[in-house]
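Everything on this sheet refers to the single structure shown next.
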Amino acid sequence: MDYIRDIRIGDFKTGMTVEGFYILKEASPRTTNAGKPYLAGKLGDRNGMIDFVNWDYAGAITAADAGHVVKIRGEVTDYRGSPQLSVTRIRKAQNSDGWKVEDLVPTAPIDRVKTMAEIRRLAESVADEDYRKVALAMLDEYGETFSVIPAAKSVHHSFVSGLLMHTADMLRAADYFASVYAGVVDRSLLLTGTLLHDFAKTREFSFSEMGLVTEYTVEGKMIGHLVMGAETVRRTAEKLGVPEEKTMLLCHMILSHHGEPEFGAAVIPRCAEAELLYHLDLIDSRMEIYRESLEGVEPGTFSGKIFALDKDIYKHE
Amino acid sequence: MDYIRDIRIGDFKTGMTVEGFYILKEASPRTTNAGKPYLAGKLGDRNGMIDFVNWDYAGAITAADAGHVVKIRGEVTDYRGSPQLSVTRIRKAQNSDGWKVEDLVPTAPIDRVKTMAEIRRLAESVADEDYRKVALAMLDEYGETFSVIPAAKSVHHSFVSGLLMHTADMLRAADYFASVYAGVVDRSLLLTGTLLHDFAKTREFSFSEMGLVTEYTVEGKMIGHLVMGAETVRRTAEKLGVPEEKTMLLCHMILSHHGEPEFGAAVIPRCAEAELLYHLDLIDSRMEIYRESLEGVEPGTFSGKIFALDKDIYKHE
Amino acid sequence: MDYIRDIRIGDFKTGMTVEGFYILKEASPRTTNAGKPYLAGKLGDRNGMIDFVNWDYAGAITAADAGHVVKIRGEVTDYRGSPQLSVTRIRKAQNSDGWKVEDLVPTAPIDRVKTMAEIRRLAESVADEDYRKVALAMLDEYGETFSVIPAAKSVHHSFVSGLLMHTADMLRAADYFASVYAGVVDRSLLLTGTLLHDFAKTREFSFSEMGLVTEYTVEGKMIGHLVMGAETVRRTAEKLGVPEEKTMLLCHMILSHHGEPEFGAAVIPRCAEAELLYHLDLIDSRMEIYRESLEGVEPGTFSGKIFALDKDIYKHE
Amino acid sequence: MDYIRDIRIGDFKTGMTVEGFYILKEASPRTTNAGKPYLAGKLGDRNGMIDFVNWDYAGAITAADAGHVVKIRGEVTDYRGSPQLSVTRIRKAQNSDGWKVEDLVPTAPIDRVKTMAEIRRLAESVADEDYRKVALAMLDEYGETFSVIPAAKSVHHSFVSGLLMHTADMLRAADYFASVYAGVVDRSLLLTGTLLHDFAKTREFSFSEMGLVTEYTVEGKMIGHLVMGAETVRRTAEKLGVPEEKTMLLCHMILSHHGEPEFGAAVIPRCAEAELLYHLDLIDSRMEIYRESLEGVEPGTFSGKIFALDKDIYKHE
Amino acid sequence: MDYIRDIRIGDFKTGMTVEGFYILKEASPRTTNAGKPYLAGKLGDRNGMIDFVNWDYAGAITAADAGHVVKIRGEVTDYRGSPQLSVTRIRKAQNSDGWKVEDLVPTAPIDRVKTMAEIRRLAESVADEDYRKVALAMLDEYGETFSVIPAAKSVHHSFVSGLLMHTADMLRAADYFASVYAGVVDRSLLLTGTLLHDFAKTREFSFSEMGLVTEYTVEGKMIGHLVMGAETVRRTAEKLGVPEEKTMLLCHMILSHHGEPEFGAAVIPRCAEAELLYHLDLIDSRMEIYRESLEGVEPGTFSGKIFALDKDIYKHE
Amino acid sequence: MDYIRDIRIGDFKTGMTVEGFYILKEASPRTTNAGKPYLAGKLGDRNGMIDFVNWDYAGAITAADAGHVVKIRGEVTDYRGSPQLSVTRIRKAQNSDGWKVEDLVPTAPIDRVKTMAEIRRLAESVADEDYRKVALAMLDEYGETFSVIPAAKSVHHSFVSGLLMHTADMLRAADYFASVYAGVVDRSLLLTGTLLHDFAKTREFSFSEMGLVTEYTVEGKMIGHLVMGAETVRRTAEKLGVPEEKTMLLCHMILSHHGEPEFGAAVIPRCAEAELLYHLDLIDSRMEIYRESLEGVEPGTFSGKIFALDKDIYKHE
């Protein structure tokens, strides 16, 4: 039989016979009424998810294998109106099997290396020596993780390198507004605060083997990335001998960047740079939510209700 | 006696003898207990306001002259701890007297002609012919008033050409973000909506002879500049044969640009351009409030409570 | 076999064999595991809805026929505890088949012709000539649609001629209060505003073939019936040469009739007639919600939670 | 000298010499810097209030006389731009002096006797014998006080017989709606609940000698007129042998007539009659606030901000 | 076959064969497609609930038997991943069968008799004779029911004698704080108000045969336990000749003990004892919610979202 | 002339001639219209404040001396109905003058030394060695300042040693509840968190020479005492080698002790100890507000509106 190889789940059509590598999202070994063992579960890749069932499966895969990559063969069928994959073969994949991460997990549509280089250039362009030292020291210490983690579990930028993409967009906009509002905004403070505002997300979330957010850490819920971020910046700044006023301002920006107490701000913004950071964060996350939510929506119609916006939105022609 | 000429009220010091042109903000002819007539009131200029009294005044100035420019002579005195001007001469000024509007009313720190030219260029750069036609027709019809009125009575940009300055800042930012979010934002719609979002302020407010906002018009309170603005744009668009979908989108942007019903939005933003317009408006007004509020605040201290922000803010060093 | 003819779905009992005309609410042609085609879907009439299945159906009916009237024959069975109709014959109905609209869709319990006549008489009783001309012109132009559409998709008055019933109730109450509060309320303005407050619902919703609301139009969501209604009234009034103050007041009434921004008002009511209109609208919709929600509730018990009221309500004895 | 006699304070003009009876609102015996005694205070009547001063007064009037009627003679003068009465004679009035209560305190513009008769007729028209008995027994016991007290301290209907006027307006409207919504509303319950909803205001407030509200009683603040009212009705109903269900419904109407917890409702309305009562109360108080607030406002302009409405309102032409 | 006798449902494991007494929570006699009768439903005990099915059952048990105790025999099986009991025998239990209430319904982990004795001692320790008389009279009249009912349907203390446990905890804390804040708190008022604050819950809820809350009574929803409780206390106090001020204060405590209108308070607390009562109620209910919610949560992890707290909570190690 | 010595300002009566030590709250050297210098200002002590004026004063006292203690002589007079002190002599006091701090500034009604000893004993009673070490180390390092500062600027406990009194009350209550809720609350965590919850108030406020709060520090407003407190505790705990889980829990308690984001909590409480701490803080501050607000209120009457409670409160008999 002819198998279509490594087709994305979003492109599955009833009747296709497929073969390829997918993430085992859930696995549940079961027994039929007649006493035969079988395996049911879910498979996923970078743009989709599908239920599968493997009748007469007596292999070694169990619920504990969720998160691993598997190689499968099967046919796309219709089960009560929803697509399902009738799997005939399934095994755990080897690293040597040659599957590609970017096929299996969603990844930011940016060049990670170039974007990191641009961010470093912007950090080096910070005129104030104290702020610049903090920015560069933080990049040196946390930059690698920062460049790959998602910005969230699901709301927006929830893909690999999502935080990098989000921060880079914001830094460029900060650079733009720093010259527009030069009279009231200190570019050095604004850029440094913008760069560092979400650094503690590396500790707020736990991540799957494939790099996606699985859930909040205990510390993430009990302390929060604002307080954790401010504390890390304070320690770095103190080590570098940064004056207290500047350290305090950087901490203030991180602690206040959610803008309002009911959105999670530990304090409200009380300087122009903190106020601006809050709005830049809002704009970039909103625009990304629109981008992600309108994908696949027919022009001239509305999306369904977007949870994070609490409304449905329109895709014009 | 030596008089200091045309010194600004903000620079008055007790003991100065001054002469010059000021706006008569209030005037109240009164009688002393001993039965002598005198005149009390307030004088203002572009950066200050002061109480005055003219003992033994029997001239023709009455409350109805408020808003006019007067020429005065007097001495700055201290009355119960507050400065007061003891006026010895006062008369209404003539146009031929050679006083300068920009001394007497606050004016945007921009070049009006160049800024209008830049705005027109941005309007001409709109790629979509329908939107461009609306933008240019609106500029042709309302541009002159638009270029001189303040954006508000007091909150921010409340000076002459304040609306022009506010709109120009926002248009440049719209241009910037239109390329950043090109995938989700239509530059033509965004720029046209941004240009036109506050055009109906020309009818929402009434203005003093000197060009400042005095109060809301009846229509301004009963209908509001969002609905008035959408209606004017609709009529212009219909005259120009713009397709209904585009007309509707422009109206939507104007009707929703306050973002939330409790901030005055007639409908909530449901397309990316409207969402972005709302945030650009917020950023530019916030940054201007910071700029105006921090003037004169000592570095390292807080302003008093800013009514429009509902908080006091910090001026760092 | 004996068939019960044209019995209402609300009266179906397990075991009945029925024949008659119903609305095809949903239709989904499918295939059994054994490869045989069949048809599943939902049927509805003015007071009920039921799942149906037609085994071995190979006819021409598809999902696109939803909304049409069909003639069916079948037996009421029990499927997992819920009633289901096992259909043996199904075909699309002809207009000549003699089915009655009022059996198939819920309709306001009023005489449409008499109610329209009464509304016209009230409009003619408006003393102010300008307001009267607007009222009558609007009735002439939009009265026919106005007299048949529902007032909502589901909350209240969601049946055929629901808007007419709702408006007539409100107009009579407006007439009553206009004399009670004659000192503060202008009857002409109140009656005209009340008549016209929801006229733009004809464009806010799209309607099924049978006249019920299916969903919001794009314009309905992006502009809203308040702004659309005010604009239509303004154009009509301008054509008739109505003075600006009166036109503005009519627009104000329509724009403010939801009372509070969070309930959708574009501006808040600022004249007595607008304030009163808001409350009359609230009373009539609330009373209708009570009426509809208490139908079928046992005296001495509570309804389930009513979504539109956010509470459960009591039916006393 | 010629004195204008018993002119209302609202009609005072500077320069008038007046004589007549007014209420002493405040009195404060003082001493000039030179050591001479004088009396300062405020006088009021049914439509105004004015500061007064009586130089060289050494009489017996003190702060404790506030609330009494005084006879005065004096001249209307201007003090720092506000009118003031320079009093030359002042003494406490006798009952035999022949002043009229209705000149001195604001009184409802209704015929008290006729209105009470109409209310009794409406109570007698209640079809349900149980509710009717309660209504009549309450009228017998509390009707006299009910017919004279104001409905509030200041918000609306704060004049003598204000509660009577307010309740009568609401009862007529309840009668009107009882027939409109006959299918869902029990007229007997609605009318009885409407009649009794504010009866406990007689105990919620304390009253001045002249019959106006001076402040809340301790019980008024600690228990509230809703709970007090429900309790009184319950006792009356029990004494009359009314069935528990009906007693409970009457109590529910009184306890819920403020509609929302944040407006003071002890429970939320859960039957149609209670819901309607809440809205009728709102309409009548709102319309009266409009009537009182628009008195003296120039047509085509706005009132100042009305505290009870939290907005300014428009008086159209 | 060997049956495990009277094992708790929370301890059921797939494969067990069990026999014992359980509460029939739901029962639904049905027919298979093949026409055979069977019985499906739910069984419960003090710590669990399980679906059951009895194939080929043709006995007399129907839906109306829900709430009764039954004796069953069956096997714990797995149905689509959830446990199910395959019942082979089922009959209604007799009182003579010897089952124990405390096995079948959850009961407060306290000694009811001792706790009631302690509460009575605290009531007798009230120094003020008036308050003490009310406390003891209320205990005499309502104490028996008070000592057995739950405090709620589900949120907290929803087990037998839950109200007793809740009130005893609060009374002890009231006793503690009465001495700490002796300068501002009257111990007699505080203890009496605390004892009586929830007494009317006996009428607010209806109860199952086993003593658990099934739902609100009509009076419970239409009047509420605050107003009912205040009224009962007032009648008791009046019968005992308690002075009006003290009666009023007791009523105030009961009417205000929910603290805020949006939490159901009929009036807000305005004396120190009422304020304190509100917080003691909150503390004890919160701590009990934590206790109940953290049962079975793994240390170092979070509970699921707790509805009554609107958050998930952490169980530390 | 006879002078009453060192009488408290709250006991001043018009006509008294007094001599003694008071705090100079404000001082403003001025000039009469006739050109003579004089001094005006305010004097305060532990229970009052009064305006003063010293005619013909040409001494060295200026506005910069505010906060210092002065010795004065003068007469209590009446100025426009308010008391005023006509000062005839005034000089700055020396430490050797023998005035007593407790006369001049309000001080907590507790024995500071004994209370600190009790707090230390409670800290030593903490069973968990890690928490105990942190508690004791913090007491060693910050205890001295902690024992003298007020808890606030004005709301409650705003007197010397106010924070000590507040914390001691809370610690005792924590100890009480730790045994009541032993099943769900860890006494060691609860006591340590309670002790430390407000320690950073030493840095949040700036203090006058006399030890009262004058205003927030910059850090106090930009970072807040919750984040500052958590950070200090973290550093102390890390130095002592406390395990991360315990350090995190202590930080969580401090960060969440305001309970709700709108009350300033950086995160919401998610463990039982943090929840309880929030309520203990609320109870103790509320009871103290009642105590302070009811001082001087007549039994049977209401206080004026208490800003911090947003209501007026009742003092029963």
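Going by the order they are written in, the chains are A, B, C, D, E and F; count residues from 1 in each one.
Simple rule for what comes next: a contact is a pair of C-beta atoms (placed from the backbone, for glycine too) under 8 Å apart; a residue touches a chain by one contact, two chains touch by 3 or more.
Treat the numbers as computed from the prediction; the structure is a model and nothing was measured.
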Task: Labels of chains that are neighbours to chain E and to chain F - done: A, D
Task: Between D-F and B-C, the pair with more C-beta contacts - done: B-C
Open item on the list: Given that chain A and chain E are copies and touch, would you call their interface same or different according to whether over half of its residue numbers are shared?
Closed with: different
Task: Averaged-CA centre spacing for the pair chain E and chain D, given as whole angstrom - done: 47
TODO: Just give me the whole-number Å value for how far the CA centre of chain C lies from that of chain D.
DONE: 43
Task: Length of the line joining the C-alpha centres of chain C and chain F, rounded to whole Å - done: 63
Open item on the list: Multi-chain contacts only, two chains or more: what residues does chain A have there?
Closed with: 218, 221-222, 249, 270-271, 300, 302, 312, 314
Task: Every chain pair in contact, whichever chains are involved - done: A-B, A-C, A-E, A-F, B-C, B-D, B-F, C-D, C-E, D-E, D-F, E-F
- [ ] Report the residues of chain D in contact with chain F in the complex, numbered from low to high.
- [x] 28, 30-31, 218, 221-222
Open item on the list: Per the contact definition, I'd like the list of chain B residues that touch chain C in the complex.
Closed with: 218-219, 221-224, 226-227, 230-231, 234, 248-249, 251-252, 255, 261-262, 264-267, 270-271
Open item on the list: Under the definition above, what is the set of chain A residues touching chain C in their complex?
Closed with: 81, 300-302, 312, 314
Task: Contact set on chain E toward chain F in their complex - done: 169, 172-173, 176-177, 180-181, 183-186, 189, 245, 249, 268, 270-272, 275-276, 279, 282-283, 286-287, 290-291, 294, 300, 302, 311-317
